[in-house]
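Working notes for the structure below.
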Amino acid sequence: MREEVKRILGIAIPLIIICIISGAALTATYGLTEERIEAVEQQKINESLSTIFLGASFTEMDDYYIATVSGEEIGYAFIAEGTGYGGTIRTMVGMYPNGTISGVSIISQSETPGLGTRIAEPDFTNQFSGKRIEGVRLRRDGGVIDAITGATISSRAITDIVRERAEVVMNETR
Amino acid sequence: MIEAVIVMGVLGIVFGVGLAYASGKLEVHVDERVERITELLPGGNCGACGFPACRELAEAVVKDHYLINNCRACNEDSWLGICNILGIELGRRKQEIALVACSCDSVDKFEYEGVRTCAAAALVMGGFKACKHACLGFGDCVHACPFSALERRGYQYFVDLRKCIGCGACVDACPRGLIKIVDKSAEVFVRCNSPDKGKVVAKICEKGCIGCKLCEKACEREAIKVENNIAVIDYGLCNGCGACMEACKFGTIVPVFHAEDAVDSTPKVTRTEKKSG
Amino acid sequence: MKLDELTKGVFKQNPIFYLVLGLCPTLAVSTRVDNALGMSLGVFFVLVCSNVIISLFKHRIPPQVRIPCFIVIIASFVTIVDLFMHGYAPELHERLGIYLPLIVVNCIILGRAEAFASKKSVFDSFLDAVGMSIGFMLAIVGIALCRETLSSGKIAIFDYTIVPTFTQSPSVMMTLPPGAFLTIAVIMAMIKYKAIRKEGR
Amino acid sequence: MPELIVSPSPHIRSDVSIEKIMYSVIIALIPTTACGIYFFGVHVLYVIITCILSALFTEYVALRLMGRKFVMDGSAVITGLLLALCLPPGLPLWMAAIGAAFAIAFAKCAFGGLGHNIFNPALIGRAFLTASWPVAMTTWTKPLTYDAITTATPLGLWKMQNIATPYINLALGNVSGCIGETSALAILIGGVFLIAKRYIDWRTPVSYIGTVAVLAFALGQDPLFHILAGSLFLGAFFMATDYVTTPITRNGRIIFGVGAGVIVVVIRLIGGYPEGVCFSILLMNAFTPLIDRHVRPRVYGVKRKRFFVSSANEGD
Amino acid sequence: MENLLVIAVGAIFVNNIVLSRFLGLCPFFGVSKKTSSALGMGSAVIFVMTCASAITWPIYTYLLLPFNLEFMRTVTFIVVIATFVQLIEMVIRKYKPGLYKALGIYLPLITTNCAIMGVALLNAEEGYSLIGSVVNGFSAGIGFTLALLLMSGIRERLEFADVPKSFQDLPIAFVSAALLALAFMAFSGMRL
Amino acid sequence: MLKFRTFRGGIHPPDSKITAGKPIEKAKIPANVIILLHQHVGAPCKPLVKEGEKVKAGQKIGDSDSFVSAPVHSSISGVVKEISTQQSPIGREVQGIVIESDVRAESARMEAIDPATASKREILTRIREAGIVGLGGAAFPTSVKLSPPEGKEIDTVILNGSECEPYITADHRLMLEQPDKIVKGVGIIMNVLDVDKGFIGIEDNKKDAIKRMREAVEREGDEGIEVFSLKTKYPQGEAGSLIKTVLNRETPSGSHSYDIGVLVQNVATAKAIHDAVYEGAPLIERVVTVTGDVKEPKNLLTRIGTPFYDLIEECGGFKSDVGKIVCGGSMLGVAEFGNVPTIKSTGCILVLDREKSKTPEERACVRCGMCVDVCPTGLMPTILEKLARARRFEECMDYHILDCMECGSCAYVCPSKIPIVQLIRYGKEEIKRRE
């Protein structure tokens, strides 16, 4: 019995030690980089926020931001995500309280380069500005957004994502 | 910090102890000798040992040491290495080579059309050669050799003795049974396999053995005997003097070239040529 | 002799073309040269560090827990790379996505740990790791170069254009999985063709 | 005595040869080709010629590189022609040429040439072009206008805008679409010719088209529309019947047809493309080796009707 | 509650782990020469992937998330998977030698198969529930097996093919994979 | 209704039966005959005569003690010139007795026996003594075939008059010219086996023969015999296909037709049985169709052992540059390279000119599946061919290579002109050799 315990410990202890060292090392590294990572992430969001409401400042709510310019609430910004042609599309959407889109910017997407990725280009995203959320549909679906040729799926995905999320936020903010 | 270390520590304990415990309970003995022997084996997977792959032979050898004799392909060094691993002592191993016993000089008896392999051609009216023992020349043996030791030159087939390790794969492939495995010490060789009567052979082939027994008479050591209309050399007795070669009128008996440049010299079968030593 | 340890990984035993290991990141992130470079740097760091550490401790690690130990060591370095990249090269980090943590199971790394570092000396292991990573880098960057060229219609490394746009409609397929497989296939076939030609001579 | 030839039996062979079959297929494709040229104008003729020449040239070069003899057996012509027939009429010629070259080089010659390829070369050519230049490959010209007025195909109209095209147009071919796919009638003529000559097995097209019809009907779609629209006919009669890439047994061909039919309907209903014939055949091509391995005819005198047979020496 | 069918179909076809996610390629090329071994490897992967999904989920959810240790998931997941595979291998080897011959010999290969780890990470990334994770793992395994089987069928047929010398073996396997991936593009953009 | 029943697969080669309208002619007695001592399946015979000895036509000159064997008889009267090794038309080298004709037509006959009164033993002995073997091609000793092993009950006899091979018309002419003898022969077979159901299967491209045979059966008044019209399709004459068509039974793989209670005999065999029993005549002559590229194709009643070139000479010699001389039909026959003598099972000598003899160039298999579709056995010839070529014999076994009857249908249809049958034969030989 003693022998057995000894044998087991002989084998297990190196692994345990390595595990502990690893845990410690990683925590240390994490501590080193944590702030930076958060800053980077925040930066991404801020960048997209600021392209939507120029010059505004933002207060974070549950799942959306309230944009204020000199204390006055001018609109809401929120992240909308859903599945496109090649994977998840994350967008930052800005909306005025009256249900008009102020702007859309793509945070991340994995569509086909040269095709679906054109949804991130201003030519496409600028179309959203000033549209009412009911109208945020592809033209062929009865809306006012022109799809990108050859990338109907991506175009439709993004309009649907934006509209659906906008409707939810609209209800929440009422 | 603490959480991470604890989590990792716990995982380490659980798995470390688990694996350690399990490794005691569940230990299955594997023999590392198998690995080492496999490394020493030639790795041609030629199948001549009766096992489908070198590794299988290695496994068998560990159980039955003397099976190592089955591998014809390993050289002296690996042979000794394997004996070392097994902790046994075997005497000097016999080394063998393959030689093709036909000069392919027989005339055709008809025009063959069909699958161009020896084995298939041999099944059509006994082969298209007038001599029913003659090489059919499609080179099944060449394709069979795992060591690329056989090659065709002109119409004849030769073994490159630097490459051949006597594995016997070609022997199995030749439908005519023309390839003979002989001791590596062989210096002369009867390049015919026809047991037909001399009269028959002489009619259809210029280089065939007619069983005239001139070689038998020429050999001082009685190493060559005509049996069943064909001369057979006993390499245990033969010292390679070449007297039989001199005696044969048809050039049926040829020298065996072991030299490094064997590729070029093997096929020159002229009666006056003789190997020294 | 020592040099051999280094160069074999680059040519004779190139991990991708010869050993056919570590294919996943190779194919997945070789759409762009900069991704490829980022990935190979990550692999370089992890491979070198873990090879060295493993060969340092090889005698202390009981065989029964060899693999878990190796893997914890490797995974730690991977996480370190992951964290730093996230903090200091966020764009690259995003593009490499899931393939960055997957360096941990990159067959090259564990394969080298198993086959080499656990047997040889520290210095040899170090050389081996460097060689292998360079081999990996050459391969993945080469593949990325082909793919990016054909899929963007120009040759550019980062922002330096080498050959200006030669076609307005480059092949989208080269960024997709088939393009990746095809590129490797063609490169491998060319290597083999060369080898055969050489042998024939 | 004369020197005689000896060869194993049989001593007579049927007069059907590879060339004969291939040229018959080319003849069977003439009505479709003519329709394509009639509907979409002379550019189409250039596309067809480009594809065929590119296919032949690539095959010649590839075979020479491989150190083999180039034989003009007509298979490369079929590949080129069929590829052209499933391209949009307005495709730039250079793309057509690259597609044909890719098809022959990677889908055929890399595998060892005629008889050895796994995937249908013409369809690989098409899939390659679709993946490479999706926009050009989904730009359709209006029939009989002879200039580049772009429209949507019947399936596109149905999928994106829910507009049905009249059957008569679909049958005659007066709709937009790939060069050779629009006229169901012209394809049928060629297909029936090949079936009558026994060069292709009726089981493949019948099970393929039948499955699409039945499944479409079961899912509440218009079966006739789904049969006539798109390249189903071209695919069913000329591509799903390609010997090299489809199963060799009759039961296998039925499975092939049914499988491809299911995939077509799935792609048309929920897939990312309006049309799925090309991919359905390619996917079933991938399944073909497995089908061939497991679907075998019943051997005379072997009692058990083993539909699925597994190899005796498996498992080691 | 996610739609399990959608997860399953998505993992098998649309995002086939090998052909469109680029995971598990080493065994995909290494063990696809024979249908029988492809089946063995495939079964082993299905088994391990399902179990790995099931095991890593609680660790992630109850150990890492609460303590804010997400950054440790690479280390913890891989340790768990590696030990689990090793344990399973030992158990099968000891108690089911037949199964070991058919399946177990592939187990060591699986530790270094990034598909397993990839699926565990994807589960975490997608935030699937326990059942969703298990279904995803299982289906990804099926997708892997499907791709492997198709590939092995193709490669078995290629044994008879007259493949040019420079394309023999791996290059033609890669070409086949390319064409297979091209065919699998059929499922891209599929709306489930 | 029954008429449409058929077997799986099969082919329709052009039937080329150019001699169908030519009545059987008696061939000239050759100057020399070579009686091979091994013309049948089973043990070879030992010579009963010495060189220089005089023999009569019909005299037994070779016999064996073995059960599975049949004696051979001199087919002409003359002198034994030599006993030596000879090439046989089926490609073996066997012992043969060369007899030089002495022009006197001395013949030796046995006594006729009345089948109505004779015992079965007697009849079987007679069949053996007359040297009768299957004349349909296989040359299996008929007396052995008529003595089924213990426990195997034969319930049906099928007479094979299908003659599905292109070119051959020997059986066809025999049925037209001597239907009564054939029907009587069947009667004997049925008696010996105690069977009361007999079929005579004839392909429907021989309508006249069907009619003649029906009339003969009616004349004979045997209720149990039925003439069965078969769809014209190669290889209808192969025993398994024939049984499948006529009785819808299948011979299980690896067993014989007697396992399912069926005996198949060729029509010429039945006629030979008739001659041996009713007339006491040993088997020394048979009808041989000499056809193809000879000047004047004929159906010849020839003495067994006549050299091929004698018969070709009798048909006016070669029409053009000869390429192949085939013993047997175009599908199953064996190409000869020398002047071999006929044997009991030689039903046809087919001469092909050089152009027709050329084997077409082989191409890669395009997997058209035509071979699979036509294989009457349900095999996958293309796979077998590839496996055999790759020497993967174990897998060949898995694909039932040994069930192949070598009918040649697959090689006939293959558009790539692959010598499938030869490769399959090679595979089979190799498998047998390994066992």
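Going by the order they are written in, the chains are A, B, C, D, E and F; count residues from 1 in each one.
We adopt the following convention: a residue touches a chain if its C-beta (ideal position, glycine included) is under 8 Å from a C-beta of that chain, and two chains touch if they have at least 3 such contacts.
Given the structure is predicted, the values throughout are model-derived calculations rather than measurements.
Path length between chain B and chain D in the chain contact graph, taken as the least number of steps between touching chains: 1.
Any chain bridging chain D and chain E, meaning touching each of them, is among A, B, C, F; the list is complete. With steps allowed only between chains in touch, the distance from chain D over to chain F comes to 1. In terms of the distance between Cα centroids, chain E is separated most widely from F. Among the other chains, B has the CA centre that is most remote from the centre of chain D. Of all chain pairs, the one joined by the greatest number of contacting C-beta pairs is D-F. Averaging Cα coordinates per chain places chain A and chain E 29 Å apart. Chain centres here are Cα means. That of chain C falls 40 Å from that of chain D.
One inter-chain figure worth recording: chain B and chain C are separated by 44 Å, centre to centre, where each centre is the mean of the chain's CA atoms. Centroid to centroid, with C-alpha atoms defining each point, chain C and chain F lie 71 Å apart. Multi-chain contact residues of chain A, defined as those touching 2 or more other chains: 10-12, 14-15, 18-19, 22-23, 26, 30, 85, 112, 115, 153. Those residues of chain B in touch with two or more other chains are numbered 4, 7-8, 11-12, 15-16, 19-20, 23, 110, 113-114, 123-125. Residue positions of chain C touching 2 or more other chains: 62, 64-65, 68, 72, 75-76, 79, 83, 172-173, 176, 178, 182, 185, 189. Shown here, the protein chains touch in an arrangement that is not a line, ring, star or fully connected set. Chains touching one another, given as pairs, are A-B, A-C, A-D, A-E, B-C, B-D, B-E, B-F, C-D, C-E, D-E, D-F, E-F.
Across the complex, chain F meets chain B through its residues 91-93, 334-338, 358-359, 389, 419, 422-423, 425-426, 429-430. By the touch criterion given at the top, residues 65-66, 106-107, 109-113, 116, 118-119, 124, 127-128, 131, 263, 267, 270-273, 276, 279-280, 282-283, 285-290, 292-293, 311, 314-316 of chain D touch chain E in their complex.
Put simply, chain D touches chain C in their complex at residues 106, 110, 128, 131-134, 136. The touching residues of chain E, when paired with chain A in their complex, are 71-72, 75, 79, 188-189. Residues of chain A touching chain E in their complex: 19, 22-23, 26, 30, 85-86, 153.
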